[in-house]
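When the chains are written out, they are named A, B and C in that same order, and each has its own residue count from 1.
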Amino acid sequence: MDKDIGNILHSWIEDLFPICRSITGPGVRETLLYFKEILPNLKIHSVPTGTKVFDWTVPKEWIIKDAYIEDEYGKKVVDFKNNNLHVVGYSEPVDRWLDLDSLDKYLHSLEDQPNAIPYITSYYKKNWGFCLTHKQRELLKNGLYHVVIDSELKQGVLNYGELIIKGESDEEVFLSTYICHPSMANNELSGPVVTAGIAQWLNTLTKRKYTYRIIFIPETIGSIVYLSRHIDYLKTHTVAGFVVNCIGDERAYSFMPSRSGDSLSDRAALYALNNYIESFDVYSFLDRGSDERQYCSPGVDLPVCSVMRSKYGTYPEYHTSLDNLEFVTPDGLKGGFFILKEIIKILEINDTYQTTCLCEPQLGRHNLYPAVSTKNSTNEVYNMMNIFAYSDGESDLLELSNTIGVDIITLHKMIIRYEELGLMKKIIKD
Amino acid sequence: MDKDIGNILHSWIEDLFPICRSITGPGVRETLLYFKEILPNLKIHSVPTGTKVFDWTVPKEWIIKDAYIEDEYGKKVVDFKNNNLHVVGYSEPVDRWLDLDSLDKYLHSLEDQPNAIPYITSYYKKNWGFCLTHKQRELLKNGLYHVVIDSELKQGVLNYGELIIKGESDEEVFLSTYICHPSMANNELSGPVVTAGIAQWLNTLTKRKYTYRIIFIPETIGSIVYLSRHIDYLKTHTVAGFVVNCIGDERAYSFMPSRSGDSLSDRAALYALNNYIESFDVYSFLDRGSDERQYCSPGVDLPVCSVMRSKYGTYPEYHTSLDNLEFVTPDGLKGGFFILKEIIKILEINDTYQTTCLCEPQLGRHNLYPAVSTKNSTNEVYNMMNIFAYSDGESDLLELSNTIGVDIITLHKMIIRYEELGLMKKIIKD
Amino acid sequence: MDKDIGNILHSWIEDLFPICRSITGPGVRETLLYFKEILPNLKIHSVPTGTKVFDWTVPKEWIIKDAYIEDEYGKKVVDFKNNNLHVVGYSEPVDRWLDLDSLDKYLHSLEDQPNAIPYITSYYKKNWGFCLTHKQRELLKNGLYHVVIDSELKQGVLNYGELIIKGESDEEVFLSTYICHPSMANNELSGPVVTAGIAQWLNTLTKRKYTYRIIFIPETIGSIVYLSRHIDYLKTHTVAGFVVNCIGDERAYSFMPSRSGDSLSDRAALYALNNYIESFDVYSFLDRGSDERQYCSPGVDLPVCSVMRSKYGTYPEYHTSLDNLEFVTPDGLKGGFFILKEIIKILEINDTYQTTCLCEPQLGRHNLYPAVSTKNSTNEVYNMMNIFAYSDGESDLLELSNTIGVDIITLHKMIIRYEELGLMKKIIKD
């Protein structure tokens, strides 16, 4: 699968790109149904408007059918049908005539990016507005304009998708990605498609140590809803977690730690980035901006970090129409998929072992060692002896690998062999 | 008050400067009575000569009326009436004739500071002597000299002043300053006058979290006496403490930690110095030289550090007649007063808070957040979100401020607002 | 003794050098008997072939009488009688004729050190072979060769020497050195002779705090045998330990920590090296290669580090005939003896003390302090006050010395004086 994974993921983004998503509404459902095609076991949940979730309330469902600005001559100067970023997310319905001065305060554009339509929402305060390129805006002449937003805010539901892939243990790895952004590609369709690709790959594994809990949610309100329903279970079963987003461009790799900064997620992610990626940017939890805000909040305290390509907020195309199908590439997605997969592979093998015999084993007796000792001992014997010397039942393989300088995949293979010979035992820590 | 505080404090020093203080005697009482004028609740205590205090004994009281060296012609070549540093502190009474050679071993001067009279004492070994400038000494010709010290060493008392300013809690902040130095200004009248100014300011506060225990003592024997009477209470009630001395010149700010180095006193002092003072000198507890020697001794272990202007022993005027009313200035005293006041203000607000809701609060609902999310989030919202994210019930405001980069005063104001909204609660730690 | 110690130790090496040692056999016994002359209380133990020791089995005893390669004309081209390194250790008996091509695969030489005979063993796999200089090898012409190894591998014993020097406490310092190397000097006769010298010196002491357990063993199998018999006692009684080897040349001093790296052994060794030796090389436990491999293995976990001159594997003469009586010198041995002795002296005095009185003692009262306080306090008083201020019953003298900058020998003398005055007490920690 991996060979074409970049192209496959990119084709999914192409399919999903035109859909007008928001935190609720038909666009979210359409997106979730698309992923259910890919992942048949994905369960789609509905939470009614008005449901109390911690300090929040599930908002009304937003349905947008059309939106445009017409000039006096009936010419549509801004049209939602051309780009769903043109309407401010969660805009109330409007149908009225305004002169340019009055209209102006409902318009949003970016003077220093004159070809970009900005992405604006107003979820929790009644409002409406249009987003357009600064070039478009400068062409608007004095006169009257007919503004129409054919939207509806009504009692409805908030939807999210949930996929549980069982492993040998009921300890869980948690993946969270969001499906509330309209036509943008890195932030955010890269996260859901990479996550779906990872889920497909996890399904192909014949053996999984951990159970995988994978959710596709609207950002913020979705993670709050999900936590309000599952927090006790998550707090007692989650060993590692990742917010998957901004993972499809080619410009950078990025790491943002959990609040604690030293969780298993952080350690595995840093191991993979340090060992498999030439260079990457390290952010602080102070730079956070997505659902880790909820997952790592005081009292929730889940071990959730983020591994990204170009982090939200750090690239000029961010939250504009320029975050598009060219910015996100098959190679970019493939790189994001690769690093996340490697991190999971590390988590799957990262156990703690202890040498079973006191003193070094007699390697020759176990056919592990050349009996003739020469002036130059081989590197393999050196690594083997280090494994026996440092496997103290306290350090996991990540720590052991960092100490003795043997990559964790090789290290694991070697230890499995010693385990089969009865020279190592796995330690289950509480 | 603050506007003129430098001049007020300097005027107090001017009043107190001529008094001949020592570790006991009339000069100490006169000084304490002066402070009782300023602080009517100051209690003056007396401890009899011979009282055992830990490894020490309260010494005899020393009363000095006159002291001079007369030449053969009746001319006073050294006269205590000109400067009370001329006589070695705790000198025994003397009245005899000596030739210059014999006299010489009772004289103290500083060859490399020929205009300075050194400050010398001999509290715990019977002795007498005169201090003079090196210039004076070089003028002495061969011949006979009549040396007179009209002093008395007798059963009496050791005096100290104690002021308790009650707060809401019986947890205490401890301020200790010493009133045993004769006519010197930075070391030491600056400490007592700045401490008295702080006490006046504390009395003006309508609300104090902590109780303030403020003592005016003779150095070393005074702190030992005080500890011998109050150690159990101090050990169980003191949250922070400061030796206040050398706090009136303009050359430097200085910090010397407690022995442990990481007490609340140390953290608050370093916060204030780092944030409010352009540069300051950091000393080690190995550089200690005043009552922290007792307060931080093994088994006493009080959280006492020192915030100073030019530390004792580091400026050439130290322990000489040149440590005078010009070396200590209104601006120097004002700076010392300011930094000590700011540290106390920090201690008063340095509580520990916890976000009350799980996940972030919905800021809009509490009128904390602009409902329209735009590409650029404001700095205030960023700070607010950090406060909610990092208030975990473990970190106090000092730690929180260092983590999120919001100054502690602003941070406290913001948190109080969130507390009023029910979004924060204060955590009382054991 | 110390004056001539280098020459004495070197003369012992000269005596022992010609003996053909291995991990078992007559050469080991002869060597142990030599040390028993020096240390009459040395007990020589025998462990039968076939004894199970953890993952290992005591091997057969190896007896070598003669070994040579003769050419067709009866000329011995390689002769064990010239240098016992010529025969591969533990070679089986052989007596046969081979042509040069067939012989070649049983020969070992070093192309880049053409004058060195390498040191090769094959303890745990049946084998035989000859070691020779590369120059010798190149002189061999085509033809038939008569190879004779007159050896025997038979049921016998493994021998080791053990010396217990009792101290006041049954807590022990452990010294381990190995006596299995044939004619080489730094690695290894330097270790046994320096250890024997240390043992002689320990016997001269009138008072020892610790009991000293000193063993002379064959490397690896000897330490495993010894641990298998004494592990529980060693784990509960050993406070510090050292593998003594490679301690006789003049090129370097070296330190290799225990696995934990922060044991008392490590701290005392680093203290001595940092304070008494101009410069030294620091290795990682990853660089280990001797019996610390067993002593520090998981579950054994003894506090054993190594203080060496030039570490094994780091000098070109290592494990060749060039590691000889010129490479190891009287001065080199003397330096190694000195540093090990100093470390032991440190261990003997490294107690933990606590100031007995609260607050500083009144120094004058105890005749510890000049009563006249002058502008310049002396360094001795400064050190004394630091001792009283930092002796908190937690820090041992090593830590105290590092904190206050007084060398540990002086520090100990000063503290003993204060203890005699009743101002200090020794703290026994569990």
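One rule holds for everything that comes next: a residue touches a chain if its C-beta (ideal position, glycine included) is under 8 Å from a C-beta of that chain, and two chains touch if they have at least 3 such contacts.
Not measured: the values here are computed from a predicted model.
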{"item": "Copy pair subunit B, subunit C: interface residue numbering same or different (half cut)", "value": "different"}
{"item": "Rotation angle superposing subunit A onto its copy subunit C by C-alpha atoms, nearest 5 degrees", "value": "120"}
{"item": "Subunit B-subunit C separation of Cα centroids, rounded to whole Å", "value": "56"}
{"item": "Where subunit A touches two or more other chains at once, by residue number", "value": "none"}
{"item": "Residues of subunit C that touch subunit A when the two form their complex", "value": "54-57, 88, 108, 110, 118-125, 127, 220, 223-224, 227-228, 231, 259, 285-286, 288, 293-294, 296-300, 318-320"}
{"item": "Residue numbers on subunit B that touch subunit A, as the complex places them", "value": "354-355, 357-362, 364-365, 370-375, 385-386, 388-393, 404, 423"}
